[in-house]
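My structure is below; once you've seen it, I'll send some questions.
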Amino acid sequence: MTASIKNKIKTSFTLRGIEFKNRVFVASGTFGYGDEVRKLVDVSRLGGIFTKSLSWKPRAGNPPQRIVETASGMLNSIGLANIGVHTFIEQKLPYLRKLDTRIIPNIAASSLQEYCDVLELLEEQEGIAAYEINVSCPNVKEGGLNFGTDCSMTGKITASLRKLTNKTLIIKLTPNVTHISEFARTVEAEGADAVSVINTLIGMAIDIKTRKPKLSTVTGGLSGPAIKPVALAKVYEVAKSVKIPVFGVGGIASAEDAIEFLLAGATAVQIGTMNFVDPVISVKIADGLEIYAREHGILDMGTLVGALDADLKFSVLQSWL
Amino acid sequence: MTASIKNKIKTSFTLRGIEFKNRVFVASGTFGYGDEVRKLVDVSRLGGIFTKSLSWKPRAGNPPQRIVETASGMLNSIGLANIGVHTFIEQKLPYLRKLDTRIIPNIAASSLQEYCDVLELLEEQEGIAAYEINVSCPNVKEGGLNFGTDCSMTGKITASLRKLTNKTLIIKLTPNVTHISEFARTVEAEGADAVSVINTLIGMAIDIKTRKPKLSTVTGGLSGPAIKPVALAKVYEVAKSVKIPVFGVGGIASAEDAIEFLLAGATAVQIGTMNFVDPVISVKIADGLEIYAREHGILDMGTLVGALDADLKFSVLQSWL
Amino acid sequence: MCGMVQQLCKVESCDEVAAKTFLLRFASSEITASAQPGQFVNVLAAEAGEGPLLRRPFSIARVDGDIVELFFHAIGTGTLLLSRKRHGETIDVLGPLGQSFRVDADYDTALIVAGGIGVAPFPFLTADLLKRCKRIETFVGYRNAGQILTSHLQNIHIATDDGSKGFHGNVVQLFEPFLDRTDLGKAKIFACGPTVMLKALSELAKRKNICCEVSLEGHMACGVGLCQGCPVERTGDGSKYALVCKDGPIFLTTDIIL
Amino acid sequence: MCGMVQQLCKVESCDEVAAKTFLLRFASSEITASAQPGQFVNVLAAEAGEGPLLRRPFSIARVDGDIVELFFHAIGTGTLLLSRKRHGETIDVLGPLGQSFRVDADYDTALIVAGGIGVAPFPFLTADLLKRCKRIETFVGYRNAGQILTSHLQNIHIATDDGSKGFHGNVVQLFEPFLDRTDLGKAKIFACGPTVMLKALSELAKRKNICCEVSLEGHMACGVGLCQGCPVERTGDGSKYALVCKDGPIFLTTDIIL
């Protein structure tokens, strides 16, 4: 059935000359390196896989406890545990590049140089469709201040990486800033091809028995359905302020949620936390989008993008909270 | 039973010479003017009531739809519908001041002058324990930019109001900023006696059938259990960076939640959205805190404030999200 | 709202009485003691973490001794969870809430017009009107015959969108000719249903100069006036909006803009 | 994890078999076909919006034909919701997951040591060990007599914290003298329970130079290696952490730092 739908509805889209077969992706850090659940998930039904963030050296990650469940969400403090870009290239990429979907390594680093090094090494490899840059990382030089909350650093990272690659460069923005659209405009100006919106919100939980933070790192990143309204508002804000495509991410749990993000202006969506609840959810959402398109006579999923019918006459009122 | 507990455990605390009988309050905009549910809720069991935000003139508020339920939370776009400070003084304050709890009017305005006018008028009245200032309001002079996301405007409002009153001045901070502690430090420097942390997060929801935003104002404020981890992290950040007391607010639904906020550094808590689910929840939480104190041999609830046992050696790692 | 209580109430029964439509019966002598037709209750469908956050409002469909009855459509998670309640379980109910139909006005015939689940408040209203010896004519419109609910109503006229039972068309189309051809004395309309139906009816009532009271729905958070979340635009001077939960859900159509 | 499936499985039964302890039986021929003792399943306690977001991990307690059995304590919302499952309802199960006990190692006597609900994986292990004709001695510790679960275990030695049944004290205190006074040939310990118990046991095993495998718990999000959420510190060189869900939950105590 899905095959016959496919023939009729255009689900694909193109970014810097690379075609993605549809608009549903799995988000960085929520699908491992794509091989953990290969028996369950037909990744050829996805637009692509954003890998776990890769740093130059392997990172052990944070001590336990790394995960806390919260109301309709979860906090994580993985600490970007990852195998490092070298092992990725040796052990994961050969398998990944054979998959019938696009592979987008996500890069994390604690210095501008490290971002560049990781990307340059990946540039030499086959089978990479694009890069996603995780700027929600501590800038070790600046005493651990987050790159992603510093607009000029975010711009600098973008500009530096832009010089190193002709591939699609996607900057993943953090929501933990006052005006995310400033960051989006900056990276657009510095040559980013797209932005991903949003990474996790900073959150915290306390074990009242031990009186300690539940996470070993005190605070962590909040994700899941709880944050969907925030993510949607950020996607809307960004999509209104830049021309480059937006990958919408944050709490998406169904095809209906994905459609909300498309309407708000996302060119495509990434599924994060919900992969943990249902490893095949991304495929279900891709199917759901096609069914929706068929039922609504939509021939190109792209017509949904930014198709929100928003009456902006009340926009000033929004700030009365 | 509660009477006998009361005798043993110190639940009260003092702010600028005013004693509050305990650390549980109802949050602005979530308990009306205190009279709607007077038959159900024994407000004398509360530390105080933060009223719905008051502006100089009555405000009709936003058109429907003003409310959207979300995963473990809700969006609102009430538009600060309120009866105006004059009607408040005539019709509500006489009743409120007779209640055996503290009354804290919350002030909202669209200009610095309006903040001052409302406060000055309230200064002439009896029965007001403190003021809470809602800075999450559009600055009409600046094209509707939110006061609360502009650190110097927030400081200016604080300084101006400080000159007008000797009563306790509480500034309610918005979480929609990069570094909330900057705002907290600024208002502390300008003479605020306390801060309330947090107001709602900006969020959005879309009706995919009509392709319109569900809220008439496109975006609105997210509240409820979904945001508790964010609120707790902000309270922790603020409490670590200022000496003035913090009112913790955001998603509190139980005595256990309230204890998390106290441990994170809140001097007291405000209950918001959960009043809609259970109008008597604030009293239940006040009772729950006393039961907890008794069971744990706590003689003064104040000993819980900031008693978090946090190992900060990983604090740099927090920004690896 | 003097009789308002918040209680854990024992469920007596919950049965599917028409397609996806349930009759939930629970015990509360406090609510039955003070409830008036047109008022509603705000029900928590599940405990914290086991269902939606907010309460769900439902018209009081009937009171029977100590028993309160609700009619509802299972359309989402909240109503689905409620539909699974079984005898002996408890539900957390806040009520009775809001204003009632003004039954003591000056009229001879009560014209009840309901669309779909909008029929919910009318068994209760009917019982009250019967006590007052009013003539009652009841018009109910449904999508199809499978949805029809008519228990405890009087002099029922049925319309179905698909013509599977009664008049083929909508309930206002059924109602208007009846108005024209029947001598009703002084009449008052009581209505509940989808907004488009209430709009049509309200215009009809205006044209015919008949007093018309409607029961409105609206997205609610608290149901008691705490949140200001449920505005409906008012006509006339004074404040721009009324609150559906506190000033309504019953309104004269001349007082509001639908 | 070659046999891993995600399925909606029919619940056969769910009964309270000891204080707040439930035995849940559901059908899955796919899981029973490939499951090994020590592996676990990750169960969704409720549909979206009707319970906690994340799945809940449970050891496979036993397989019986096509039926998978779980033993669990109802301690929070997830396990409470699961405890209410009735015959004919379905649950969404992901499994079997993780590594199994290494039963084919060289030993004569299997010493099973369980604390509380840590008994869960051992009926399954026992069945396997019996097939391999190993001698089995089983030590179970509970708070009190009301919690005791012993079905499908062999040669059971009981300890209770309050002395209400069996040895008065904890299970390690019961186990250690037994080790000293009994000739067991070559022995291997299989253990599951609270971390403090596993720690004590692991030290004992080290002292006595007995191979000891433990089943760990840990806060999990995915259960399959996607999230990196469940680290346990490793000994030796190489990466600092192993993942409880993928590299475990069964570990040799010499491989990890408890």
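Which chain is which? They are A, B, C and D, in the order written, and residues in each are numbered from 1.
Simple rule for what comes next: a residue touches a chain if its C-beta (ideal position, glycine included) is under 8 Å from a C-beta of that chain, and two chains touch if they have at least 3 such contacts.
Predicted model, so just to flag it, every value in this text is computed and none were measured.
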* Structure fact -> Under the touch definition above, the chains in contact with both subunit B and subunit D are A, C
* **Remotest chain, subunit A as reference, centres from CA atoms** => C
* To do: Measure off the straight-line distance from the CA centroid of subunit A to the CA centroid of subunit C, and report it in whole Å.
  => 46
* Asked: Using CA atom averages as chain centres, what separation in Å is found between subunit B and subunit C?
  -> 36
* To do: Just give me the whole-number Å value for how far the CA centre of subunit C lies from that of subunit D.
  => 54
* To do: Hunt down the residues of subunit B that sit against at least two other chains at once, touch-wise.
  => 62-63, 68, 71-73, 76, 78, 224-225
* For subunit C, jot down the residues that touch at least 2 other chains. => 49, 52
* Asked: What topology does the chain touch graph have (line, ring, star, complete, other)?
  -> ring
* Structure fact -> Contacting chain pairs, sorted by label, are A-B, A-D, B-C, C-D
* Interfacial residue positions of subunit B with respect to subunit C in the complex -> 29-32, 36-37, 39-40, 52, 58, 60-69, 72-74, 76, 78, 81, 224-225, 253-254, 273, 275-280
* Structure fact -> Seen from subunit B, its contact residues with subunit A in the complex are 62-63, 68, 70-73, 75-80, 108, 134, 136-138, 143-146, 149, 174, 176-179, 199-206, 208, 210-213, 216-222, 224-230, 232-233, 236, 251, 256, 259-260, 263-264, 307-312, 314-321
* subunit B-touching residues of subunit C, taken from the complex the two chains share -> 1-2, 4-6, 44, 48, 52-55, 92, 94, 218-233, 239-241, 246
* Structure fact -> Seen from subunit D, its contact residues with subunit C in the complex are 46, 49-52, 77, 81
